[in-house]
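By written order: A, B, C, D and E. Residues from 1 in each chain.
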Amino acid sequence: MNTYKITAADNTFTAEVEKRSGQDLNACYQCGNCTAGCPFSFAYDIQVSNIMRLVQIGQRDKVLQCHSIWLCASCQSCTTRCPNNIDVAGVMDHIRHMAREAGLATERKVKVFVDSFLDSVERHGRVYEMGLMVSYMAKTGRVFTDVELAPKVLPKGKLPLKPHSIKGKEQIAAIFKRFREVKSK
Amino acid sequence: MKGLEELKDKIHEILPDLDLVIGWEQGYDGLHATPLFIKTPEDVDRLIIGPLCVHNLATYLPGLKDKKVGVIVKGCDSRAVIELLQEKLINKDNVVILGLTCDGVINLTKLGRKIGSLGAVDDVKVEGEKLNVVIGDQQHNIAFSEVKQDKCENCIYPNALVFDHFIGEPVDRVENVGAEHQSLSDFEGKSFDQRFAFWKHEMSRCIRCHACRNACPMCVCRDHCVAMTRNPHWLSQENNVAENWMFQMIHVMHLTGRCVECGECERACPMDIPLMLLRRQMNRGVREVFDYEAGIDAQNRPPLLTFKVEEDNISEREW
Amino acid sequence: MPVYDGKELRIVGFLCNWCSYGGADTAGVARFHQATDLRIIRVPCSGRIDPLFILKAFQGGAAGVLVSGCHPRDCHYAEGNYYARRRLELLKRFLPVTGIDPERFEYTWVSASEGPRWQHVVQTFTDRIHKLGPAPLLSEPLTDAEMVEFQRQVEAGRGCGCHI
Amino acid sequence: MSIRISYYPGCSGKGTSSEYETSTTGVCQALDVDLVEIPDWSCCGSTPAHTVNHVLSSALSARNLTLAEQEGFDTVTTPCPSCLSNLKIAEHKMRKESFREAVNELLDQPYGGGVDTKSVLQVLVENVGLDKVRERVKTPLEGLKVACYYGCIMNRPPEVMDFDDHEHPMAMDNLMEAIGAEVIPFPLKVECCGASFGIPQQNIVTTLSGKLLEVAKGLGVDALVTACPLCQMNLDLRQGQINAAQGTQHSLPIFYFTQLMAKAFDLSDAVQGMKRLIVNPQKALAKIGQADKEIA
Amino acid sequence: MRIGVFICHCGSNIAGTVDCAKVADAAKAFPDVVHAEDTMYACSEPGQQGIIDAIHEKNLTGVVVASCTPRMHEPTFRRAVERAGLNKYMFEMANIREHVSWIGKDKELNTNKAIDLVMMAAEKLRHNAPLMAKKFDINKRVLIIGGGVAGIQAALDCAEGGLEVVLVEKTTSIGGKMAKLDKTFPTVDCSCCILGPKMVDVAQHPNITLYAHAEVEEVNGYIGNFEIRIKQKTTYVDWEKCTGCGLCMEKCPSKKSYDHFNNGVGTTTAINIPFPQAIPKKAKIDAEYCRMFTKGKCGVCAKVCPTGAISFEMTDTEVTENVGAIVAATGYDLFDHAKYPEYGAGKYPDVITSIQYERLMSASGPTSGHIKRPSDGKEPKNVVFIQCVGSRDKSVNRPYCSGFCCMYTAKQAILTKDHIPDSRSFVFYMDIRSPGKDYDEFVRRSIEQYDTQYIRGRVSLIYPQGDKMIVRGADTLAGAQVEVEADLVVLAVGAESAAGAPQLAEKLRISYDSYGFYMESHPKLKPVETNTAGVFLAGACQGPKDIPSSVGQGSAAAAKVLSLFSKDQLESDPQIALVNASRCIGCYKCVETCPFGAVKEEQDRFNNPKARVIETICQGCGVCTVTCPQSAIQLQHFTDNQILAEVKALCPSMMVKN
């Protein structure tokens, strides 16, 4: 493990996370309640309370490159139980935004799933679950994802084979378009 | 106002037990009435009542606290008596109240604006809703409603509220009951800056003659008025806008929750400064916050002499 | 001292000794930074505050007046703030007719332990007064030359000076 | 007295959770709740949108709130907690002016604010009321022993969701009791099932949902009752995957609470949609009424 | 008047952000100021001497000191000017530290503000007048409210010092929280064994009058002469007759009554004596459970009572006591963990509070000292302790540290091992706070010798699985989530202010903080005084405290009362209202508004009505002064002229053209 050079740390990182999330990270006294309640902690490479600590000491790279931020499902356990009223799930969300913007995605599959999902929304106005699966499999090369479920699902009529697009789908596409324009500014 | 003869009879009846009875008599001309202090049966003959009898005679009561006094009051004047009783500034045992019913009294400033000079009026007669003013051989016929006191315009207390003897028959309340005087809402049409400038101008005209104070039935401090002492030093004797303004503020604040809107201050003001605007605004606050009017019931506690732990109409000031 | 041009406005505070003055002390001890405009006059109780003091301050050109006492029920003298509340509420409702913006006057309750609240009150009120700007004046201030002449007359015994 | 309310079905209602959709509309109809579907509604963005950007996420939600507002509604109801969360959070965040402006910049029609969203569960419990539900029951579910699982975001964070207890919610428990089922308190009512990681990170779902099934099994219940399409899918559709990963043999039916209500109301099979469940519920459903017979 | 002005640097506290020399320079130009200087520490011995010297050398008749808040050092400087021969009210202070240097960043603005404040003080001083204190007699009795260990200590010390003591206790027995504890840290000696004898002393002391099951209803008067109305709440048992034999408890058929003394661990009878060592040892009927009250018939206790003490018709009564001083020792309450739904919100029987655990361990408790868990009575093997439940937690509005939980948890872990040698204890903690003599050694002993497993992290969730409680927490030192399968979970609940504390504070006219703890006069220098003269504090009503600190404060408060009563007369504060009879018109509005009834209606020799202020009753609020339209009644030291002088200094209306 590296020695963290605290004085050489990136102060702007702490400030940026605070500004984006609107949370006072100095209020975190490292009680570990977020880690204690996190259902995903078993899958995390860095525990959520440790992420909070690393943000406090300005370790931008370590935080943005960690896997945990992609595995958080925003289940709100941490936010609901934080004794200092910090919206921890919100902080995780914002760190993930920052990682995305920095072009980082240590959990590529998660990112691709998200992208495929939004792709589907952008194209049809609603999520087309079958199309989403196909798109996801194509992008990840994981053609056998959940393939064993197909015989269970298809006879139940749960996955329509055709997308149902909405009339105002251009409006949805426009939202995405403007979003990208604003972001690129 | 009706029942002069009945009133005179009543005074004759009660005078032997009293030191004096206060009423009105004709003044130096046909236009002016002036207070009359009746001490002998002969004095009774000079008594008049009518639209010229503007003076609120309750003003004299605190100064005659130790005397047995009869006083003739209109509806509005009776509120001053009640307020004085509420504040224990007079002793009910020493006062005999002769209550009248009233259909308005005259505002000489308004009349002056109608007929020009008020100098040589010979006679004034009221015929129904018409006022007939005689100046030499000239006659002016004026609608009485146009020259009434402001307070008479939407008077809700035409009959004396408190009395030992009521003269005549009580009249019904007039229309427009309880409406706030138009002048206040008119004034609110102005911006804060305009209002401030208005008072700055009005106060530049104030000559600090203290007539407003002397006419006020609630100004009982008299020789001990804080406006006339260096200890405490609220006001200097300098005559400037700021000090005049402060003097009027002292007068208003000392009337908080006490003013019965008899209008005597404004009537007495030789400079015609619209002092009632200030009082009406203060009374509006008293009404809104405490649902209270001064001089209605002698048993009521004046609002500033008491409190409620939880005030009904004051929101706790959260920041 | 005249107010600092462009930086400060004249704001007068009347605080009761037991709660709000203590609250202002608590804010000071905790180094809660505040705008510097406010000058505090200490009185034993909000019940000692005559609304005329406030009008006197406005007469003298105050841009804002802030009153603070103990919370209702917590008065050191049991009832003083209840009387104050009535007097001050009526004053606030009276002010509009004078042309003094009632926003220039505020009263509130701050306890001795409420340092953060005091900071908030001061900051909020000061910001509000700065938005409203300087108070309208009943008369124009003396020029420097007139001031010198005035002082000369006082020293010469011609002015009485008793109004200082 | 009927209730008329704007209705947002959510994408999965038209796909993987069609039985939730049919039973929800059926039950609401039976209880005089007039669900007015938002015309041409679009996806709220679900979890993926807010993991990318909050403004984008709120814009996708706000479009639907605006449509509801134009129809003259101030409240929207949705069966899906994920949609609920997104719609509520969008409204909550957009109370801040700068955020609202940023969102409206993305939209064709700006959202004015003030449209509240409630879950169908909340509408049934608060607006319809348990008494009315009880009256409507034709076949009480006596003999069926269930535990209610609410999922992680229906009640959290409490200051936004503003419904029921955020650690021990009771709305569904009370509803199930009202239709005659025996309800065993589920200790992990608001624990996460693994959410949308079923596809990209299957092991997360099999671990977390496996835990839920394990605890439910320990309680000896006949079935779990859910209010969330994602939870239901993870627990039902992926139960086989869970068994394979955890070496277990669970065969626990996972109902939507509306399905059991439809059952108790004797609504049609198509409305109940029991056949669409993956884990066969027949054994559990067969217990209904059995308790009485045993006593008799 | 010849005024001297002294501007204090307070080291760098003031001088850091205020140009003190410039302030002194400006002060020299103020009217009547003949001397102005800046000084390093005005309150220090040389600082005070400098003021005294200047008074002598410059013939000063009044002094202004600009330094810290007058709430701190006004008495100090008043004594100094008095030593120099001036009347101590010929002194004013300008607060340029708390109100200037500590809150403003800009030195120029601060300096300007300091000059303003000094000018205001000097202007006020020009209107000051010498005031003389009057002497009045005092009642040398003391009221002590609360019979916990702090109140007991204060009562015993005062009684030993020869004072008559009135002790009022809310519950039916004195002893407070300490009586409930099994053992005490760090000595692990039996709580009841060390407290019991003190309780007996209270009962037997001839100088102590004890009102148990009583509450203070109303407090009137002032230092030296308080009048206290005490409500003696009904017990339905005539305590004159009750011998405490306990026969009624044996026979009472209502055996499922809530056991307040045991905090709901186990049950008790509707008529009960809370615990064997209770003082007074008298029975009380809990009407909520008594069948006579709930069902209208029973009366078994009345039948069996050998002295006929039971009276179902008994009602509350009132007594009035006159005292000269009051000590509030009302203690604290424990946090209600229902506010933590993630810990079961009180619904899981095997998740209990630390005080319930004390009762489980106590030999006089419901299990006779055998630790049995509430659900099934089994002896727990794995016991989890969770610290900071209702402490250091902003989300439940308890951001403060309760101070003693770390220590009692260490003690409970040790005692658990003593009771059940094959048990294991796990303590979830955030930080261990153990400053105190032998305290940290005690915690180390728990860890090192008793194998208590300390885990640094909070617990997020407790849920039942089978007959275990699953405790899911974090070990932040290991950087991991951890789970413990516990048989019993003990929540180390924090302290909060006693129920009804704010209401009592209002009666006593003392201040309390936003959590309901009473405010001391100065956090360091006046820890047991309040801002209301004659009212003192002892124990946890002022803030969470352990036993040694509470006992220490009890003695300290007693010492304050004894020193107050060492004089036969007290000096009244001359800052009271005074009527200028020549201005008074006798309207008596002041009589109506005075909160204390201190203004009397009188007549002068010409039979004119005049108001008169009774000096010993007036508290100096000034409500009357504002009421009086003639300004005839003036609050001394805060007269209209004095306040106007300050207003005019700030807002000089004469600086204007006509």
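Rule of thumb we're sticking to: a contact is a pair of C-beta atoms (placed from the backbone, for glycine too) under 8 Å apart; a residue touches a chain by one contact, two chains touch by 3 or more.
Per UniProt, the chains are A = Heterodisulfide reductase subunit C; B = 4Fe-4S dicluster domain-containing protein; C = Coenzyme F420-reducing hydrogenase, delta subunit; D = Heterodisulfide reductase subunit B; E = Heterodisulfide reductase subunit A.
Being a predicted model, the structure only gives us computed values, none of them experimental.
Trainee: Taking touch as defined above, what minimum step count separates subunit C and subunit D?
Mentor: Minimum step count, subunit C to subunit D: 2.
Trainee: Between subunit A and subunit C, which partner chains are common?
Mentor: For subunit A paired with subunit C, the chains in contact with each are E, in label order.
Trainee: Both subunit B and subunit E are touched by which chains?
Mentor: Both subunit B and subunit E are touched by C, going by the contact rule given at the top.
Trainee: If you average the Cα atoms per chain, which one ends up farthest from subunit A?
Mentor: Following the centroid criterion, the farthest chain would be B.
Trainee: Looking at D-E and B-C, which one has the bigger number of contacting C-beta pairs?
Mentor: B-C
Trainee: Farthest chain from subunit E, going by mean C-alpha coordinates, please.
Mentor: Result for the farthest chain: B.
Trainee: Could you tell me the distance, in whole angstrom, between the mean C-alpha positions of subunit B and subunit C?
Mentor: 35
Trainee: What's the distance between the Cα centroids of subunit A and subunit D, rounded to whole Å?
Mentor: Computed value for the inter-centroid distance: 23 Å.
Trainee: Using the average of all C-alpha atoms in each chain as its centre, how far is it in Å between subunit C and subunit E?
Mentor: 32
Trainee: From the mean C-alpha coordinate of subunit A to that of subunit E, what's the distance rounded to whole Å?
Mentor: Centres of subunit A and subunit E (C-alpha means) sit 50 Å apart.
Trainee: Spell out, as numbers or ranges, the residues of subunit A touching 2 or more other chains.
Mentor: Residues 42, 77 of subunit A each touch two or more of the other chains.
Trainee: Would you give the residues of subunit E that are in contact with at least 2 other chains, written as numbers and ranges?
Mentor: Within subunit E, the residues that touch at least two other chains are 342, 593, 627, 640, 644, 653-654, 656, 658.
Trainee: Residues touching two or more other chains, restricted to subunit B: which are they?
Mentor: Those would be 233-234, 236, 238, 240-242, 246, 304.
Trainee: State which pairs of chains touch, listing all of them.
Mentor: Every pair of chains in contact is listed here: A-D, A-E, B-C, B-E, C-E, D-E.
Trainee: What residues of subunit A sit close enough to touch subunit E in their complex?
Mentor: Going through subunit A, the ones touching subunit E are 27, 29-38, 41-42, 46-47, 49-50, 77, 81-85.
Trainee: Flag every residue of subunit A that touches subunit D in the complex, lowest number first.
Mentor: Per the touch definition, subunit A meets subunit D at residues 39-40, 42-43, 71, 73-77, 79-80, 87, 93, 96-97, 100, 107, 109-110, 112-115, 117-118, 121, 125-127, 129-130, 133, 136, 145-146, 148-149, 152-153, 156-160, 164, 166-169, 171-172, 174-176, 178-179, 182-183.
Trainee: With touch defined as at the start, can you tell me which subunit E residues reach subunit C in the complex?
Mentor: Answer in residue numbers: 26, 31, 69-72, 95, 97-100, 102-106, 108-110, 112-113, 115-117, 119-120, 505-506, 509, 511-514, 519, 531-532, 575, 593, 595-596, 619-623, 625-627, 635, 638, 640, 643-644, 646-648, 650-658.
Trainee: Once bound in the complex, which stretches of subunit E touch subunit D?
Mentor: 341-342, 345, 347, 463-466
Trainee: Going by the contact rule set out above, which residues of subunit D touch subunit E in the complex?
Mentor: Those residues of subunit D that touch subunit E are 165-168, 187-188, 215, 218.
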